[in-house]
Amino acid sequence: MTHPAAVLGERLGRRLRLGMVGGGTDSVIGGTHRIAFRLDGLYDLVAGAMSIDPLIARATGQADLLAADRVYTDFREMARREAERVDGIDVVVIATPPQTHLEIAETFLAQGIHVICEKPMARTVEDAERLADAVARSGRLFLLTHCYTGYPMVREARALVREGALGRVTLVEGEFASGDRGVAVEPSDPAARHWRFRRESMGPAVVLGEVGSHVHNLASYVTGAQVTHVSALLETVAERREVYDNAYLTVRFDDGASGRLWSSFVAAGNQHGLALRVFGTQAGLEWRQEDPEQLWLRTLDGETRLISRAQPATSPDAHAATRFRMGHPEGYALAFATLYRDFAAALAAHALGEDPSRHLSGLPGVRDGIATLELLEAAERSHAADGAWEQLAPGEAAVARQP
Amino acid sequence: MTHPAAVLGERLGRRLRLGMVGGGTDSVIGGTHRIAFRLDGLYDLVAGAMSIDPLIARATGQADLLAADRVYTDFREMARREAERVDGIDVVVIATPPQTHLEIAETFLAQGIHVICEKPMARTVEDAERLADAVARSGRLFLLTHCYTGYPMVREARALVREGALGRVTLVEGEFASGDRGVAVEPSDPAARHWRFRRESMGPAVVLGEVGSHVHNLASYVTGAQVTHVSALLETVAERREVYDNAYLTVRFDDGASGRLWSSFVAAGNQHGLALRVFGTQAGLEWRQEDPEQLWLRTLDGETRLISRAQPATSPDAHAATRFRMGHPEGYALAFATLYRDFAAALAAHALGEDPSRHLSGLPGVRDGIATLELLEAAERSHAADGAWEQLAPGEAAVARQP
Amino acid sequence: MTHPAAVLGERLGRRLRLGMVGGGTDSVIGGTHRIAFRLDGLYDLVAGAMSIDPLIARATGQADLLAADRVYTDFREMARREAERVDGIDVVVIATPPQTHLEIAETFLAQGIHVICEKPMARTVEDAERLADAVARSGRLFLLTHCYTGYPMVREARALVREGALGRVTLVEGEFASGDRGVAVEPSDPAARHWRFRRESMGPAVVLGEVGSHVHNLASYVTGAQVTHVSALLETVAERREVYDNAYLTVRFDDGASGRLWSSFVAAGNQHGLALRVFGTQAGLEWRQEDPEQLWLRTLDGETRLISRAQPATSPDAHAATRFRMGHPEGYALAFATLYRDFAAALAAHALGEDPSRHLSGLPGVRDGIATLELLEAAERSHAADGAWEQLAPGEAAVARQP
Amino acid sequence: MTHPAAVLGERLGRRLRLGMVGGGTDSVIGGTHRIAFRLDGLYDLVAGAMSIDPLIARATGQADLLAADRVYTDFREMARREAERVDGIDVVVIATPPQTHLEIAETFLAQGIHVICEKPMARTVEDAERLADAVARSGRLFLLTHCYTGYPMVREARALVREGALGRVTLVEGEFASGDRGVAVEPSDPAARHWRFRRESMGPAVVLGEVGSHVHNLASYVTGAQVTHVSALLETVAERREVYDNAYLTVRFDDGASGRLWSSFVAAGNQHGLALRVFGTQAGLEWRQEDPEQLWLRTLDGETRLISRAQPATSPDAHAATRFRMGHPEGYALAFATLYRDFAAALAAHALGEDPSRHLSGLPGVRDGIATLELLEAAERSHAADGAWEQLAPGEAAVARQP
């Protein structure tokens, strides 16, 4: 495909204008988004409601070298005023807690502004479906930042499954078992606890929303299959914690495979912890986010191949997501940036009156967001039923199987 | 402790006389046992009923340089005649399929001969308990060859848990997911299928008996905790197979931890596949059988230590199981041999009229064998009940918790 | 230190204006520089003489969204016209072959424009020293892009050596043994050969200039010591090649350590190949560019620590070079960007009339460039003298030892 | 080939009778030899002069359960008396310091007893050649225990080179850089220093004899090429040490390749440190003794294969050296045992009046021993000549190239 930089340079004559809600200087994920949207030179950050705290909003805007009149403290005002400008933003990034996504997204979509949204997409299946409807009504584009799908070797894994290198997929082992320090015991002062560990933020199954959503999405992305049934054990391991921080899901997929998805905040000593293994009738593959340049492929005959990013024999999808030669580790920022880059191609097509859909095919969107919340709610039902198998939203699986 | 070689040399004046049932030239495990009992020079193999096929029995006896009159084809005759000899065997190794263990062990124990028995100990809890009773009545010693407990770094892992390096244990992730070639599809001719994949050998849950027993034993060995409850999904992945070849168990332990035990024959591409991770409130550890010299210890503060076999700072238990200096990989044979070596110390003590119990404390025995079969049967009940949580034999857990 | 973004936002009120010479769409290294200078949002690329081919220059300028009047084909014109503009560039990146660096750098420095220069700094010691003089005369700042010094774990390695974690350094093993495909045999058509394999580009010892410069710089950066003597074997391994493509250097350092520096283009199968091991009287450390997040530290007592980027216990220098939490691989682009970021702090200080020197202390500069070329020329002398030990420029070592 | 156990059982009707000189309970290497010769059940240790200290000799004999009249303190007496017995030893293992090998070997060979000898074979080229002559005159068999050649993956590496998987070999990187604790500083009391660090034991270049011999042998074994020229830097790194403890050799081979061989006792933090990389025009391979089950093969096209012991596609030579299935780590003891096993086949053939030569073809012998000492002496000459290139014994290389 033509690189979006060429499209912007030759046809649009400018970069995409980007706004941000959330992601102030006090935010971790905000800094990641900045690096991701900057590094290919496709976006200019020109406006933001980056904090409801005016001091933080102003400091953030200054560090971002925004014009003073485009530093907002209220996302509604931002949406309205940006829509009025001739040089208003094309697209907004929503980097706030998940329970706020629906309202913010609806607001910007209503003004004709495209949306890039942090995961999980919403707090409930109901909210997620409302957001999906808002996107559909708006005619605007929507990206859900399941950033790990931007890794070349994740795309290679998907290509290998598609081309049958594994035979029929039989078992899927996914885990996002994190163990950052500070997660073992909650502070005795409830006010000192992180917002994501409060029931009101994401409900009790926050571990599924925050990290479980990634591993679920990754498993579906690579295998092309949807989870249809789940048997769950949800647990609270840390003392004084009021939400679940460990989730063991045994699952069935719509292609006949079964597997397990483990989500945890309390895998002490783990640094990141996202990993996927897929086994088939002919071979197995393994990928770990902490070593993202490498993909292991092992056959029944004992052949072990270590597939490297940018290796000539890798798939077109993997090459398309690659920036450097072999041996120059790309890492997390570039994977994240690839989502922005691919979405830029779609946004440019939209701006030029072309069909953006082919640029969206490999990108996470509303269906992925809904699927995660369906899994989350089914897991809660299963846990309440002593581990009994629960079906995800009936009828969904059949639809999801469509390309 | 004094090395058994010194005890044999100074006090007994001879090696231990060993017989073997099963383990003929057509057996894989037989060759492993031979290497294991030879390498420390503590045993002489002097008799065997190594096959019911007289040709194989004779060829095996010849390769083992046995006297012709001590090559048997019937284990009953062997037990009787060896018991009559002044130079009869001290101990017998049973390396036959598990459904035969009970009868063979009872026969030798009845003749006052100690028993070394392959795992799983028996086919059912009932048989395992009968075997345990036979051992108790006989006053003879019994070793169950859960060979992986012989690894120095497994012993180090246990020592680390005991000394509190992990804090309170919270999560236990064990897997023995093997994927040898030839396991993906059963031959269409039932006669060509491996005996262990026949229902009559070990029942449908053979995957739990064959590989699940090891990971279950390893998890208990390292953590010192017993599984009390299980929620199971048992599956048959290979075509035409008539037993389960994949088992996902979610479990609870008597110390409050929870975890998962995965047993599989169909993890395509895996070579061995035994691995254990234990997480606590302060740190996590990880050990993989394919890289057995190394034990990872990672703390909440991000400290990662790679503990090596024979490292000066490792525990006395780990050092006692170590033969070579750091950097000279010991591997599987030496781990297996350590069980023989430690058991030799117990046998020598018994022969010298001393209490052998201190030599047996770290060795797998009848309780381990029973525990595995209890887990197997509870998993079958849970699977039949749609994944409902099942308790293992009531009352056992409390007893097992005793040191 | 205050992040340069805050300094630019609060005090300068704009980004740094950057020009580029070389680095057109047909250049590999140009793309890397773009990612590196973009990702922290500290520079705007506003002008360029990116190719002497007008078509490539224009296409590149368009993709970079440059104003048409700032797309040049002649670097002399660019320097003159940019110096005349009120919004002219602050700093220029030179991404052309090394034999051109001196002239380009002198031109921009003469116009008062700061310089960021690709390595090796020049083709000869004499040229490098002239360039150093030009920098000194100009009062402008100079950065040599030895990008690997931007890795947090390289900085941690340096901090560990400084704080004495290794004891006295005794042995230094560095290698940059690359093996990209296409390097085994030169095309029979001389015109089809890569420019860097022509004698006229860099002289016969191009392997020392291109990759040897990096490993030499890395070894000095981490140990704080300078190479004083070298014994060399230079070889041409690929058929038809007219320059050396493999260099084995045995070296002595001014701190009493000895070591080896291996530079190669023909280590077949290697992907990147830069690695450094430093041994001391108490411990050894190891770092590999292909796994840059991790630093191994091993003591004489067998303790092995795997130090991870962003681990709380790492040094301030390492933390200052870190953008993401542990477990989110940063990789090559971010290391490169850190040089741009640190240099931006120096440039901002200069622009604000402050002393930039503290921002330059950890950055590679003219002395590093000269040292590499001294090593290169001494190695050529040693090779010509049958491996005899040659001293690098007398008197230099003593100076270089000053902090 | 028929396994030696079958040959012994069917045709010789007994095990091989083994004696040992040195290797008492105070010896490290003695314990290793015991494990190695026991584990395949092909040898009975029946006699020994294991120490010149009668107490140690007796304690060792008792632990080995030797008959009292076959526990000797004088190797001359042992050779004479064993030669007189009808059940005298077939073969003797010499596990004493290298300067004693010549005399001991000559003594046993003169009595018609085969010899297994620790490396290095002797202290000088002259002694090594005298020993080779003694072997030739005696008509007896001789094994030099370069144990690392027994690893299946070392044999696979040799097979890959032979079959051209690397193309033409161009570069050979070998190192045996050990760093056991206690090697950094010599005790101030000379009497407390290890015998191998005394000049009178092995001369000043002990590091080449002790560890350098292994890496030199390994490089030749895998590539099939002989070192012809060397440029050396020998160093003494540890304080108070009176011999060299670090040796950097740059070498040329008789097949046109060049390379480096690094031998060290002072690579602090290293555990073992033997590793070999071989690069060719098509691919490179890498093997590390600390991870001996695995062999990396990487091609110019970026294909990376991790070849595992016992993998079906490996060579017959590799399979012949393999005892367990994939994933069951074999390690150092089994590699060592393979030398004993292969030599047992040769000894059995000799005893049965057959030609043993085909069993010896893959085993290290007198030529290997001589080659190492030639390299050692040439390295000393080169070091004395400021690193000038020195030729190994003229005329040897041409001979050595013959199969």
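As written, the chains take the letters A, B, C and D, and residue 1 is the first residue of each chain.
Going forward, a contact is a pair of C-beta atoms (placed from the backbone, for glycine too) under 8 Å apart; a residue touches a chain by one contact, two chains touch by 3 or more.
This one's a predicted model, so the numbers in the text were calculated from it and none came from an experiment.
**Student:** Can you give me the shortest step count from chain B to chain D, moving only between touching chains?
**Tutor:** Counted as steps through touching chains, the separation is 1.
**Student:** Going by the average position of its CA atoms, which chain sits the greatest distance from chain B?
**Tutor:** C
**Student:** Just curious, how far off is chain B from chain A if you go by their C-alpha centres, in Å?
**Tutor:** Distance between chain centres, rounded to whole Å: 44 Å.
**Student:** Report, in whole Å, the distance between the mean C-alpha point of chain B and the mean C-alpha point of chain C.
**Tutor:** Using C-alpha averages as centres, the distance is 56 Å.
**Student:** So which bits of chain C are touching at least two other chains?
**Tutor:** 181, 270-271, 301-302, 304, 308, 312, 326
**Student:** Taking the complex as given, what residues does chain D use to touch chain B?
**Tutor:** So the residues of chain D in touch with chain B come to 3, 5-6, 8-10, 13-15, 28, 31-32, 34-35, 38-41, 45, 62-65, 178, 180-181, 270-273, 289-293, 308, 312, 323-334.
**Student:** Using the touch definition up top, name the residues of chain D that touch chain C in the complex.
**Tutor:** 166-167, 170-171, 173, 179, 181-185, 231, 233, 235, 237, 246, 248, 250, 258, 260, 262, 264, 266-271, 279-285, 297-302, 304, 386-389
**Student:** Which chain A residues qualify as touching chain D in the complex?
**Tutor:** Checking each residue of chain A against chain D gives 301-308, 310-313, 326.
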